[in-house]
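Two complexes come next, and they have one chain in common, chain A, joined by chain B in the first and chain C in the second.
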Partner chain A sequence: MERKIRLIVAKPGLDGHDRGAKVIARGLRDAGFEVIYTGLHQTPDDIVQSVIQEDPDALLLSILSGAHPVLFPEITKKLHENGVDDVLVLGGGIIPEEDVPALKEAGVSEVFGPGTKIQEIADYIRANLKR
Partner chain B sequence: MTENTKESLNKKILEETERWINTTVAQSLKKVPERKRNFKTLSNIPVKALYTPVDIGNLDYFDDLGFPGEYPYLRGAQATSYRARFWTMRQFAGLGTAKETNQRFKYLIQNGQTGLSVAFHLPTIYGYESGSPMSAGEIGKEGVAIDTLADMEVVFDGIDLSKISTSMTINAPASILLAMYIAVGEKKGVPMEKLTGTIQNDILKEYQAQKSYIFPPEPSMRLIVDTIEFCTNHVPKWNTISISGYHIREAGSTAVQELAFTLANGFAYVEAGMARGLNVDDFAPRLSFFFNAHNNFFEEIAKYRAARRIWARHMKEIYHAKDPRSWRLRFHTQTAGVSLTAQEPYNNIIRVTLQALAAVLGGTQSLHTNSFDEALALPSEEAVKIALRTQQIIAHESGAADVIDPLGGSYYVEWLTNQMEAEAEKYFEHIKKLGNGSMLQGAYVGIKNNFYQREIANASYQYQKEIETKELVQVSVNEFKIEEELDKKPEILKISEHVAEKQIQNLQKVKSERDNARAQECLQTLREKAKTNENLMPYILDAVKAYCSVGEIVDVFREVFGVYREDSIF
Partner chain C sequence: MQMQYSDDLIQSYIDLIKQKEDSVKKKRALARLITLIENGGPEIAQKIIPQIYNLTGHAKIIGITGAPGSGKSTLTSQIADHYLEQGLKVSVIAVDPTSPFSGGALLGDRIRMKKNFTNPRFFIRSMANRGQLGGLAMATKDVIHVLDAYHSDIIIIETVGVGQSEIDIFKSAHTTLVITPPGLGDEIQAIKAGLMEITDIFVVNKMDRDGADKRVAELQTMLDFAENIEIKNDQTQAKVVRCDGWRPPVIKTNGVTGENVPLLLENIKKHQEFLNQTGFIKKRLQFRYKHYIVEILKYFLVKNVEEIVFTNEKINEFIEKILSHEQGADPYSISGAIMEIFRDRYFS
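For the complex of A and B:
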């Protein structure tokens, strides 16, 4: 049997809005992925540790508080410092469009906003895995 | 009407309804069938095409409806409702530094807002100083950065606290922010007996839904009961808890779950206060509620009406409250953030209008209308103004506020109100069983075994699936979509990262200028008292007056009470 694509869904920062992250975690699990959900209030270091331990194919980050311009680049930087360069990193939440180019520059491959279908995310992951 | 004539009338209506379905309706359906197979509310309550007196045949006007301002309060909490005074228009605001929030408050007051509502940034909500690594990226983002009393003094600068009521959305550290508000009042010459407002102070729904908990449930409850006891004796006009369904709903629950879990939490607080030895009538009148206003118009109205009747009945019959003010449920409403779309954001103005109208028809005491740009960013000044204007238009132009409970007696709304009450009662039974007869213990058990979290997660997943299959239509999201490039986006508000620098400097300045020996002494006393059963409010008040930060005080409590971690289920 082919190995399932493995994902980590993570909630960095203090923001407790986890409805979206949980719905996506469950939807992607139902779509055939193996999904690990970190839970809330994860520091960038917590998330990098989870990635190193769990070795996922993709990391899905969700922030609704506005902390993304600081926390997303912090996470991608720390992943790189730890030699993790083949994990697809995606972002979601309330992310203003004008912030997206800087996040992509920092290594977040795509950003999905409110109203995105789970299928769209699933298709994107399958088409863009880095390994 | 005698029982006999009522019975024969109902029989006739039933027969006539059947005839109508088999003739008039059947003919019409042959030409155009119904739009879908099953019609239901957002709580999955199936709804028929038509309601008649038969559907509310068992309703007793005096026992089940009554009059506004009287038991069982179904028709309204106040006798005169909006004919005397409109609801309080209270827009939740807080952004950047204390100074920026002070400016936003003054702007809202100039535009006719009648109450303040403070949003705190996440580091304050979780009890971290702005300089803590945990605060990185969050400073001033989702609300105002408050570290010490010095920040609170700036937030309320030039605002008369004897004239305006203030609501503060704060939970785990609520006792600390209340103490700061009391201290600001004192400095302005307004004694605490005269302060009016609300602290959210509802920790149960944090474990269940919003997740801004810090300590385990039991010590958190101790802090809440400390504030209740303190306010009962010293701040008599203060609403000590705003028991909130809002966040339960935003986390994805149905309307029925919102109603049931919120009221069940209310009963848990009542039991906690009574367990402290307080007389129920000494504190229950100061408990207030906070509900969501979501999309299904009539279901929302039925929810508010049912909430009033449930609270009145339980408080009178189960908790034996004797003061009518203990029976009377008062509530704030906020329109549903979760219903806002990033696509064609101007459509959100219409969604908010309908939701706000439901809250008004349901008899809310105060209202926050969301800004149309909130699926994109924190609201801009322009968007906030439109949101406030929405309330003013409903109040002054629509006539909706001129008659009390105008939907009372509607066959459908009364039936739905009964239905929601019955569904909520089933949840109360379950929670009571979890707690071996105690709603308070039931709340603890349900939190620890993920009962609430699972119920909410299941409902939110079902909602998402219905949107994806278009069983639920979201205009401009899954139907009536336009090209992304044509979707005109408004100017949005940006919080500069410089706010963080500035706030960290402010905090350092306060700490270098305060009497540090005094501050440390206050923290040490608090540490010792936290280990006893003594009420902590007086010691918290001393600490905030000595300019101890929220972070420092919460650190003391973390040390004594420990921290809570949840199992993350999805």
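For the complex of A and C:
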């Protein structure tokens, strides 16, 4: 039997709305994933706790405010400190091309821009699961 | 994609959740055990539950059901908040439906429970029902036991009140709350006979909305009526577990502000005292474990039956009889004969 893949879609930081994240969450549900959506204004500690408790295969961080250079590495660092090393971490939202290498360096496996098709994200997740 | 586990790994998680001290490691082990049960079903659960069952029986289990949007998650958060303030350890299972079209699910209950995310005594797990008819079927029962062994003082199970799921929640909880806010149209009509019988406490959430008092009055009228009719609903076997002498209180709440939540908690406490003092608790537990066993047996019997029918040589004699149209041999009669053999062998 095929195992169900669980994802968390989380919005760290102070973004004022989450329309984009919700579209992605629904799209991934329609692609057959179990998507846990945690809402706006998540602190890195909130997100790490959700990951620990929900035990997802992947964590999709979506951010619009520009705080990704600080927040994404903080989250990956805290995940690592808590022994969570087998969760695929992905970035989305508005992230300039030139920021991507540093994010990847920090443990974000891939970054998806605003125009990305859901199918592309779904395929990426299925192909790159860490467990 | 296969599930990866080994008996040693399972053992290490079990050892961790048995530890006295709470830690991140222990929480992760708990989360992993739940994942294993979700994905592996009874085959995995049979490796876990026998090792932890002795540690269970401590937790108070509260079921919360009601229509989507009625405020279950918001209230769950408020209720959890109060118990956490009392220094208790609280775990939540939030069950949402799996989409029948994609097999995926959108699990949004955590959004309402943010307040205590980082409290070490708090644990929330979102679960999709994965199309199981009951919505809260076997995996949930197993997970409740794991959370109990993890030494949760309170376990809250939130499930959407559709179809069978409210009946399932009743089979697992000590106290079942049914949330019926005002302003959801005529849905009071839809409080089916079965729902009336499983409810320990009615909660009229969104008391700030028009129609809350009317809803309370309607429920009271229904309860007056229900007190005077005999329960016939065999499906819930409500007769067996009906608590004579307990009239479900109707409590108005505001999930957002937390107004009346202490009153709700008082009533939960009263209900649990009632169960203990009257001895109904025993009946409920007997009922609960009978259902649990039925589900486990169903699973393993089906598996065994398939194995036997397809591999046992003797069955071929029966099949031959069917094929040759022997007198009295047809699929039903033959199945009946096979059932007799099972019954003689296992239950006489």
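Just so it is clear, the second predicted complex is superposed on the first by the 130 of 131 C-alpha atoms of A that agree within 3 Å, B and C clash if a C-alpha of one lies under 4 Å from a C-alpha of the other, contacts with A are read in each partner's own complex, and residues count from 1 in each chain.
Here, a residue touches a chain if its C-beta (ideal position, glycine included) is under 8 Å from a C-beta of that chain, and two chains touch if they have at least 3 such contacts.
Because the structure is predicted, anything quoted here is derived from the model rather than measured.
By the touch criterion defined above, A:14 reaches chain B but does not reach chain C.
Judged by the touch definition given at the top, the superposed model places A:75 against neither chain B nor chain C. When the two structures are aligned on the shared chain, A:111 is found in touch with neither chain B nor chain C. Of the two partner chains placed by the overlay, chain B and chain C both lie in contact with A:39. By the touch criterion defined above, A:125 reaches neither chain B nor chain C. Of the two partner chains, neither chain B nor chain C is touched by A:60.
In the superposed model, A:25 makes contact with both chain B and chain C.
When the shared chain is aligned, no partner comes close enough to touch A:88: not chain B, not chain C. In the overlay built on the shared chain, the residue A:5 is in contact with chain C alone; chain B does not reach it. Applying the stated touch rule to the two superposed structures, the overlap between the chain B and chain C interfaces on chain A comprises residues 25-26, 35, 37-39, 41, 43.
Residue ranges on chain A touching chain B, taken from their complex, read 9, 13-19, 21-23, 25-27, 35, 37-41, 43, 65-71, 74, 94, 96-97, 113-115, 117-119. Here chain B touches chain A in the complex through residues 122-123, 125-126, 128, 133-138, 141-142, 210-212, 250-252, 338, 340-343, 375-378, 457, 460-461, 464-465, 468, 474, 477, 489, 492, 494-495, 497, 566-568, 570, going by the rule given at the top.
In the complex of the two chains, the chain A residues touching chain C come out as 2-6, 25-26, 28-39, 41-43, 45-46, 49-50, 52-55, 82-84, 126, 129, 131.
Here chain C touches chain A in the complex through residues 1-4, 24-25, 27-28, 31-32, 34-35, 38-39, 98-99, 101-108, 110-111, 114, 117-118, 123-126, 128, 130, going by the rule given at the top.
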